[in-house]
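Look for chain A in each of the two complexes below; its partner is chain B in the first and chain C in the second.
Showing the complex of A and B:
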């Protein structure tokens, strides 16, 4: 191994570096320093907090919700320790251009799935590393339609969010600025908004197919607002259209939390602990939590805290609360409502694919570069509640082969069809899914390597979901036919996880208030995708980060009033 | 299809190894993959290994004149040794290693029940027919007890074999995929636009 290879990624697929250097085995953020993701081998000084003195906030999980909150709370002057089960990657040194190797970014500990429509976990929706799932997300950064925040009162389905859209709109702008979202000057849908901080990316051929289809149907389309920079930004170079975004960006063009909120958080005085798996939140005296039991460097530890925030995403967050059951809360911490783990939502991700004569080479550029929000903003001509947004696609080979095998294709037939890879084109939706209590996260009898019961994830579509999917498949066929795509076929998929600790205005019907503060325990908070009362029909991370920015401001206000 | 009928004649992603398309960590990962001896196995027993190789050869038959076939079975053995699953499994499906061991035993039992011979000894057409019935869940051998047959075929057998095959440079050449791309990505993004370091398609 040459000197320059010393810091490259720990491979699950072969001989590794010595254990002392493997970021999957030995934590990197310790002894007062954390990796500087922008400079190979370099470090940032990092504040450290003692375990036996209560820190203001112990945050569990450093994804879209946790990292944003850690950053903003630290910037507001609070002491913050963020515990992350996954490793602290150095993308420049650790990320290979290889689907198999990069499976190291996913949450690969077992989960059990069931229900009528069991969902795929792992690479499909769950990350585990400092930065969370956004380290391998597709960067699509969309705002909710304003009416979705009052889905019940404005549109007659689901439930209302406890936050008015105007307030969310302000926080969307804050996040878009923080990530320098690259998007069109004028976005065709929704109320007027400021222009995106960076100019839109060039639309690749896969996106132009979708654009062609929209134009044939006479509906608007737009370049996708993306969290990857279209011009240099600080130490981030512009996106080079290498197209491996969903297995990790090795150039740091992608504005994931790992290169945005996390370095900011560290500079503002937060401590990040990688390879730190939280196993139980401890209930202390006076009905308040006292800290977190977590596993790091071979043993269980305890971090004392004045407040604990759970931000492990919509499966791990309820799992941790359920695993933290105690005599005062026999059905799971903060679960007097009985709703912890319930109302799990995904987005339906059904799509249509085919072939065009031209060479498309859809492996180039971010996977989704064009979309139409037509059915998010049109309420007539629908036989279902909710909305969906078709987006252009750019699957990598393994992903594409799995699309074909899901249709039952194998053998010589599969190899033949795969040789048409560079002519492939298609669209998939992010489709709204209704909240249902029977869709839920519970604990299974099986245990993980820490001896903790694993999550059982139960999911079934409802009739409305199925009608939406049928509508979306029909519409995407029209769209692609209009674009000259032939040999069309449908695919089933899901993406994203939401719900399971919904926020609301009523302690009987929700787990937390609008700030993510648990009704049952005033110093226990939730800050991630599990808060969503409804799923909306856009990718969730912009909304999760906006909620986190808002929560940080609210916590500062509450602290000043002495209400923490 | 013989390799000589290749859609992208002369294209070799490995030729880009020393260009800006490959960073050091990618070189290391791909080199490790290419160094894997096709006969290497430490997880599967000899009997399982024979069945597995025969199954792989039907799921993704490779051209006989191929210089550098993908060592699918060896890649699967490596996956089993590392116990590298998907991060989830359906409630009625055994864990990764157990699913494969039981699945291979059941395929073997099914072959003996139907044809009185080992799976690897059957003619290709018989093997295909047998795999098709497993795909449909139409099996008779008692060894299938406790395995969700059709789901095993799709979510385990097909999924793992295809993941291994399309993670190999030989497969990337075959489909004209650009392969590793970092730090250099791509410049020409539109219809029928090809960067000089991309594959040239043979036009009919």
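Showing the complex of A and C:
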């Protein structure tokens, strides 16, 4: 892979701008226009909806779920207002090649974490931007194994999803096309799938280490299907492999919602309101919600809506529903099941790292370029339920320094180890975690800057999770040893959030139906990672977007039948 | 003569297999009777055409292997060899173009032979490079490993140059023959094979680019038609119509080679920073020097048609 340093010279988004232009302070999407992310300083015309007339859909959050739904609903002809707590970035101008500066993309507001295995919140699992967490995601775009949609009946653990896999796989294809996923010509696992819209990226040296390990063990490996283009697409240039993906891509090669669903949504007539923090969903007469209270430009406002969709991800979505408790729903809106906030899941992100003789330069290119889904599709030789997928790694320098200091490496030793950075190699899993009711999001007494109670996030692994992690660490050691990596050590981590408003077929055991429609309130919907009944063992964004595309189609069908 | 033609008639498929042996050993052939001065002059023009084709091919190889091997930071010393070989081929071809004497030239001949051999060995190297990567001969390695077809362009440059020399050799006195075959047929086979192969290479790399622009289908669709028409014209040297058709498609293909540079320049513009960032995007974007290979081969094809025309007159 050639050295390519052609990211544009981006300037930080904050201090050096006039106050009126700081996207963290002053909303950009207003007065009938929104930023055109592809052209510096340019704008797209944007439709605006009045607050006092009910809009068809008010969507809270513009991440994987919210932006996709906003786009597809607008394309189906519905009126859409999407409220987003975060800013509307212009990647070409606002994104710097600086890990610390780019922490502006994360949701760093106070959250309390506890449980036996408290989750680290922020950088590695929650974003706050128009486009949501995918603005700084690692672009890994994988499909669930078909059997996971019937985990209970086919594999004997967890619960079944209320949607057959064939239907989900059809929507996967729709999302892959929308993001022009770059994937291998032949994918080694699962039923045949159509060709990925773009060809796989070149695998960097860090990925080839994993590949070598797999070949030594005699199991298949594959280049990772990624949401960054390997050839030009519209105004997106092909990826330049400089590897700053998880702090935000400054070239727009990454196909995050900010450069895909959002511009499409605006063109189709949706309104995006940035820096708009929803605080409460209002229950109106006849058991239906009537709109959303939100904070923008220094004051609380109210957007009336015929339908409200909550898409704030698996912590903020239950937090908002719990915060919206009212006399009819004293335990939180749409929470007759008592399950809002429960069954929180993460993915275990345990990994093994070491050193190789050659210069790997693992920061080059997207962080994960090779993987093996062997343990997702093999059911023998396991002492646990579920699966995991090891992927090659390319941590950025500060991230890597954090890994080292967490091991107690400081001072001269740390300096030495950091000079060895280009020899690093390793693997990390996305590992399935079982749903447990004790893992949950609740409200704390503490309040945030808007005066809203903050979320308390409680998490503990169960025995099955621990067995899976042990297996995965052992396996990754074999893998890396097979590839000639030395000085191996284990790293604990988690990624992704799922579960807290599970969908299902039974109002007693789930919060919403298969369309994300709340059992208790027919015009209140959820559309994000909260819906997952089980976590599966692949990164969730493709599945979230597929659910959103499906929900939009279902809503159109229901509307035509007069069932909204 | 007629008998000879008849015996060989209808073996069009055979023509496609002639490119490789041609590069290996160029044998002297039985000599047919001398020709008129006008014919000889025409044949001489054909030889110059061939030198021109070889020159374009060599230039394309020089620029392409220069860029690509620079991109690979001349990781292996052997990466300098095609640069040297293609430079020499280019010089020899220019010399041949300007050389008024209707005679072959030993040094040029040697250079062309060297180029052809370098192309063959280079292809071996590239195959070896692909095979040793994890995944072996996978799509991924065909996309991103050493490009499998690229050194063949040098082989073709050498072969076209060798053909030019053989034509000169025979031009003054006799009807040109190569490897004991009428030169026109052999050259037609060479150009057709080259066009088909180059097209296959474009197909592979445009597939890697997911045919994101519909114009990317053109070099995959057009040259194979020219190749097929050329092969047909060679199979039926007695008929004019196939030759006329082939001539038009070849001219179109020659133009395509130039137009392709324009398209690739546009492709470079679509990379991050566009032409302002030329120093990196020339390396990352679609290869500017690749498409003219089609022009070089089309010129060889056109030269072959001229020879075929004369062979047809005998027939």
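What we mean here is this: the second predicted complex is superposed on the first by the 548 of 564 C-alpha atoms of A that agree within 3 Å, B and C clash if a C-alpha of one lies under 4 Å from a C-alpha of the other, contacts with A are read in each partner's own complex, and residues count from 1 in each chain.
The definition used in the following text is that contacts are C-beta pairs under 8 Å (C-beta built on N, C-alpha and C of every residue); 3 or more make two chains touch, one makes a residue touch a chain.
Here the structure is a predicted model, which means the values were calculated and not measured.
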item	value
Touched partner set for A:51, first chain B, second chain C, both or neither	neither
Contact breadth on chain A, by residue count: chain C or chain B	B
Partner chain(s) touched by A:230 [first = chain B, second = chain C, both, neither]	second
Which superposed partner A:21 touches (first chain B, second chain C, both, neither)	neither
Touched partner set for A:401, first chain B, second chain C, both or neither	first
Which of chain B and chain C A:36 touches, first, second, both or neither	neither
Partner chain in contact with A:331 - chain B first, chain C second, else both or neither	neither
Chain B versus chain C as contact partner of A:184, first or second or both or neither	second
A:197 touches, of chain B and chain C: first, second, both or neither?	second
Footprint overlap on chain A, comparing chain B with chain C	2, 4-5, 8, 202-203, 208, 240, 251
Chain C - residues contacting chain A, complex	71-72, 133-135, 139-140, 143-144, 207-210, 212-213, 267, 270-273, 277, 280-281, 283-284
Interface residues, chain A side, partner chain B - complex	1-2, 4-5, 8-9, 11-15, 93-101, 103, 106-114, 118, 120-123, 126, 202-205, 208, 239-244, 250-251, 358-361, 363-365, 396-398, 400-402, 405-406, 408, 410-412, 414-416, 418-419, 421-422, 456-457
Residue ranges of chain B in contact with chain A within the complex	1, 7, 21-26, 28-30, 32-33, 58-61, 78, 82, 84-91, 95, 128, 131, 135, 154, 158-159, 162-163, 165-167, 171-172, 174-187, 189-194, 198-199, 201
Chain C partner contacts - residues on chain A that touch it in the complex	2, 4-8, 180, 184-186, 197-200, 202-203, 208, 211-212, 215, 221, 223, 230-233, 237-238, 240, 251, 253
